[in-house]
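Each of the two complexes below includes subunit A, the first together with subunit B, the second together with subunit C.
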Partner chain A sequence: MKFILKKIGTLIITLVIISFLSFLAFSLIPGDAAVANLGMDADEAAVEALREELGLNRPVIVQYGDWLFSALQGDFGESTQYHLPVSELVAKRLPATITLAIYSMIIITLVSFPLGMLGTKKPDGAMDTAVTVLSQIGMAVPQFFLGILLTFFFGILLNWFTVGGYVNPQEDLGGFLSFLLLPAVAVAVPKCATMTRYIRNAVVAQKKMDYVRTARGKGNSEKRLLLNHVLINVMMPVVTMLAMMAADVLAGSIVVEQVFNIPGLGRLLITSISNRDYPVVQAIVIYIASTVVIMNTLADIMYQKLDPRVR
Partner chain B sequence: MKKKLNYNLIIGYAMIALVLLMAVVGLFYTPYPVNEMNVLQKNQPPSFAHLFGTDQFGRDIFSRVMEGASTSFFIALCVVLVGAVIGTFTGALTAYFGGWLDAVLMRVNDVLAAFPSVLLAICFVAVIGPGTYNLIVALGIVFIPSFTRVVRSEVLVQKELDYVRNAKLMGAKDMRILVFHILPNIKPVLKTSLLVGFQNAVLSEAGMSYLGLGVTQPDPSLGRMLSEAQGFLWNAPWYALAPGLTILALTLGLGLVTAEKE
Partner chain C sequence: MPLLDIKNLKISFQVKKDTDGFFTTIGEQEVVHGIDLYVEKGQILGLVGESGSGKSVSSLSILKLLPEDAKITADKMEFDDIELLSQTEAQWQALRGDRISMVFQEPMTSLNPVLTIEKQVEEGLLLHEEEKYKDNKELRRERVLAVLEEAGLSDPEELLKKYPHQLSGGMRQRVMIAIAMINRPELLIADEPTTALDAATQEIILDLLKYYCETYKTSILFISHDLSLVARLCDRVLVLKNGKVVERGTKEDIFYRPKQEYTKKLMAAATGKQLAGVSVTNAVPLLQLKNATIEYREKTFFGKEKINTAVKNVSFELYKGEVLGLVGESGSGKSTISKALTGLLPLTKGELIRAEGTGTPRMVFQDPYGSLNPAKKIGWILEEPLKIQGGYTKEERKRLVMEALKEVELEEGHAKRYVRELSGGQRQRVAIAAALIQKPEIVILDEPVSALDVTVQGQILELLYRLKEEHGISYLFVSHDMNVIRRVCDRVIVLYQGEIVEMGTTTDVFEHPEHPYTKELLRNNMAVH
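Here is the complex of A and B:
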């Protein structure tokens, strides 16, 4: 319990630092909201008056406190481009990104376990080499290039889906889910490769341990040995690693959303950067970073709970 | 006994060498001027005149890939250097001296590491703007934490070993011990981190340029070529293939070499 409280304490401190740094960074950019609202060649006095009105002349730390107070109530300010509340914009884009991330996590879990164990029956055999080569290629391919290749093969050559034809989940949930499958594959492949390699190495290392020899000596079949003895021991670090991968998956979806033209958080982030719509950029950056930190803390706590040796 | 040939290592080095050759030659010579447009030669398929075909403005894709490869190499090299030098410096100092500076820097490091690297790089570019040198600064900062962490944990182990105590007894100054005694001993670990870092830097540069947050017009960049090529997948699929496969050859080569060195 004490451990969990300590972890949560660290989490809160980290979240405050992250949000403060992001706030500071975007308030350092030349050309503030007052200039953005009135235009570059507005009257100096008018800009100054608006600055006073918007509270931009106060010390950064006071502005941050103000921002944090409203942010905690779900108010992240207003987009300078769309003149809509930031929270509303973000909420609209959230489903696509979250679905994409969950989809990718499912693919990573479903593919990397069997693939990782496939070659371990005979380390350095033909099957093992094939898996290793495959995972090397998977780790090296950039997600957006993979996305483009998938678009070309499945969208243009085979015509299985409409390129760039994103389906709104409210209109057609099935269409939405099937459209997101290929993007999810593009996000998942490099992570699958890393995971497969990790599981493969862990299984091979575990198989050399004494307890495996004992279990084999007692007459367990190789299959039972792998599933009941080795896998339990490999599981622990793998579950933690999966939770840590959430960060990479979210980062990957920023890029892949661009490839498949999916209106998610990533696309909103990129367009907001080119529009200099900093309240939106700030909110998304803090949102993604916070999600990652929270996931990592959960992974830490889970590891603690699952593995009696760490307690 | 004859040493067994290591195919992975050979293939890996060959792939890196191929891209490096393209990049180095691209610095001095390209078959066509990279920005020369030719409306009569738009979206040509690969031929002897244009090895990888031409793009939507009739520019020679092979020449642009050569230039793009050298941009990628240059940026990735700078990024890794910035990250490695600053990371090694902070990692070694904080681990060796400890104290409050160590605590503070590690906290900062944890916060930086909490951001997915792409997101952090995007943040920096959003603040300082795109462009080759800004991208180097942004990615360089992003690459610091991983080096700091590796060097710090290594130095923490090394500084307790007998040879360091011995050197101390002989009257060596702290900086001398760090630079001449400890640093040579963590070289192998640093080498692997450099290789992994270089691969990540190539991927990040390509990703950022693809998103339009990296190398700006008119400099050719492999990542930006891919984003332009995406619009022509229907009538000129080879356009996307050329820069994509070049990046893949480089990262795969680096991956194979890293895997063998570990």
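Here is the complex of A and C:
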């Protein structure tokens, strides 16, 4: 418990530092909200007046404090391109991104564990080599290409879904879920491949340990050996890896969202960057940083639960 | 009718070649060339040999615990009338841990690090008597507690929820034995079960094995490289070399009437040839430790400090050209003192005085594989301290590296090799060369031969002796092995729980020990003479 509280303390400090650094970075970039609002050709005096009004002339640290105070209350400012509250914009995009992430994580877990263990009975045997080749292919295929392939086969040839026909979850939850399946596959495949390889190597390494020989000597079958002894030891590095992947997909799969025309965070990020919509970019950067830090904290806590040696 | 009867056992491994990640078998290498052995009911058979003699491989083959590519053939391999080699995998599983059990050398790595002791001990019950124990937790726990207590663990309740890393080495090995004995096997195979333990614990484990043999008529196949252990435990002995039986006979035959040269050599190595012999007359010590106390401070979460006194009020001197032995079991403060002498650890109280012109002592560790950088070539490893020290040209450094290699009887070609490409003995030679390259006055040898088998041990000890004679180096020789200490040391310090309990010339300490702990150490170590 103490450990968990300590971890959460570290997490909060990390988030404050990250948000300050990103705030600082945006305040250093030339061109601010006043210029963005009034346009490049606006009257210098008008821009200065707006600056004064928006409080942009105050020291960065005061502006940051102001921003942090509102952010804690859920107010991340207003988007300069849509003239809508940032929180509302992000909240609208989040369901698609999070659902896509959960979907992909489920696929990654369901596929990579069995596949990773499949070849380990005989390392470098035929099955192991087949799994290795398969995972190499999975790692090598770029996501956008996979997305195009999936769209072509299932959307155009088989006509199983409407290409680019995103369904709003509030209107049709079932349609929304089935639409996101293929994008989730596109996100998951390269990560599955990496994970499969990772699990395979971890199992092979663990199987060479002395305690496995002891377990065999007790009369364990290969299956029991794997489930009762090896798997729990394999889980420790794997949990960390899974958490890093989860953070990665939660941050928004920019390419896949683009290919499948999903209105998620990744797409919002791209349009906001190209329109210099800094309040939105700032909010998304903090969202991404938070997911990474939170996921890593979760991994640490899980690791500590799994491994008695670090307790 | 023997319980285990093996005739003409041959074991070979496939030799594989790695071509771009794809392995092709290019041949077979036979490592055991036709061994005959039998174990009678209630008897203890000792299998003695150095590493590479095939003793471990042979014993693992009895439970078919060898890697998949091992090929085992025998004219006969019978256990209680069961022909082992024609068993199916399921039949093997039924035998393992039930009728034949095994105890391994390294109890730390042989136990699953993330499962509780209770889980690991009770597993044997669940695997072999599932109907009886599956739904009866009380009965299971009762058996687990009984078997732990029988293995000499005084507070078994306390242990149930603990993990292997929370136990001492001796306790872990008792847990291993409890695991092996829980189903009262007819045959127990013990593969170097005491090698990783200190002398006092070794003795306790041997007594425990004897107890099982007498109480349950358990037959034991005891594998060791240490003849003195085998002499005390076994009824009959088989001496193995390079996968063949060199000599066999009763314990008395082997120890008092050995016929083969090799057996005599093993005996000599176990008892030791005297290499010491410098009398200390020089008045000025190179190194003096005065009333040293060393404490470790641990901070608990609430900021309270826990003080752990590792060394208490220790004083001694090290003179030029002498070999000073530091003896004690693990936890006695040996390593703490070594670290303090090299400046890695500050003294809490007391003084460390080095004579003028005496540099920092260099160290040689027990496990050269772990203490040499695996990613670098030997030449680089040897050159590094010279680079740090500075003041040498590239050519000078190269020359010094070559000289150092020659000094430890390695060849120039070894400079281009990696640590993993060397044998254990060669690695230790590299570690010695690395310690000597800066021409130190004092070298601390921390269990320098404990990980090596007896013949290599002998070679390394002789090398150390020669280097000392030629360069006038002083050694602080840290070891738990009294045989080795007696062979090489001029004076001995006996440490017990961080304090010096006895100090004197080797002859005095070994022939007229005064402290009960010293007597105990000697009794455990010197049984064969």
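In this text, the second predicted complex is superposed on the first by the 304 of 311 C-alpha atoms of A that agree within 3 Å, B and C clash if a C-alpha of one lies under 4 Å from a C-alpha of the other, contacts with A are read in each partner's own complex, and residues count from 1 in each chain.
To be clear about the criterion, a contact is a pair of C-beta atoms (placed from the backbone, for glycine too) under 8 Å apart; a residue touches a chain by one contact, two chains touch by 3 or more.
Bear in mind that the values here come from a model prediction, so they are computed numbers and not experimental data.
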**Request:** Evaluate whether subunit B and subunit C can sit on subunit A together after superposition, giving fit or clash.
**Result:** clash
**Request:** Answer with first, second, both or neither: which of subunit B and subunit C does A:Ser221 touch in the superposed model?
**Result:** second
**Asked** Should A:Phe26 be classified as contacting the first partner (subunit B), the second (subunit C), both, or neither?
**Response** first
**Request:** Could you say whether A:Ile288 touches subunit B, subunit C, both of them, or neither, answering first, second, both or neither?
**Result:** first
**Prompt:** Of subunit B and subunit C, which one contacts the greater number of residues in subunit A?
**Reply:** B
**Asked** In the superposed arrangement, which partner chain does A:Leu306 touch: subunit B (first), subunit C (second), both, or neither?
**Response** second
**Asked** Who does A:Leu182 touch here: subunit B (first), subunit C (second), both, or neither?
**Response** neither
**Asked** Between 41-49, 149-157, 167-175 or 239-247, which subunit B stretch has C-alpha clashes with subunit C?
**Response** 167-175
**Asked** Which positions of subunit A sit in both the subunit B and the subunit C interface?
**Response** none
**Prompt:** Given the complex with subunit A, which residues does subunit C contribute to the contact?
**Reply:** 22-23, 63, 65, 68, 89-90, 93-98, 101-102, 104, 106, 109-116, 123-124, 127-128, 163, 165-166, 176, 179-180, 301
**Message:** Under the definition above, what is the set of subunit A residues touching subunit C in their complex?
**Reply:** 2, 122, 124, 129, 209-211, 213-221, 224, 228-229, 232-233, 236, 306-309
**Prompt:** Once bound in the complex, which stretches of subunit A touch subunit B?
**Reply:** 14, 17-18, 21-22, 25-26, 28-29, 136-137, 139-145, 148-149, 151-152, 156, 163, 247-248, 250-252, 254-255, 258-259, 269-270, 273-274, 278, 281, 285, 288-289, 292-293, 296
**Message:** Considering only the defined contacts, which subunit B positions touch subunit A in the complex?
**Reply:** 107, 110-111, 114-119, 122-123, 125-127, 199, 203, 206-207, 210-213, 223, 226-227, 229-230, 233-234, 237, 240, 244, 247-248, 251-252, 254-256, 259
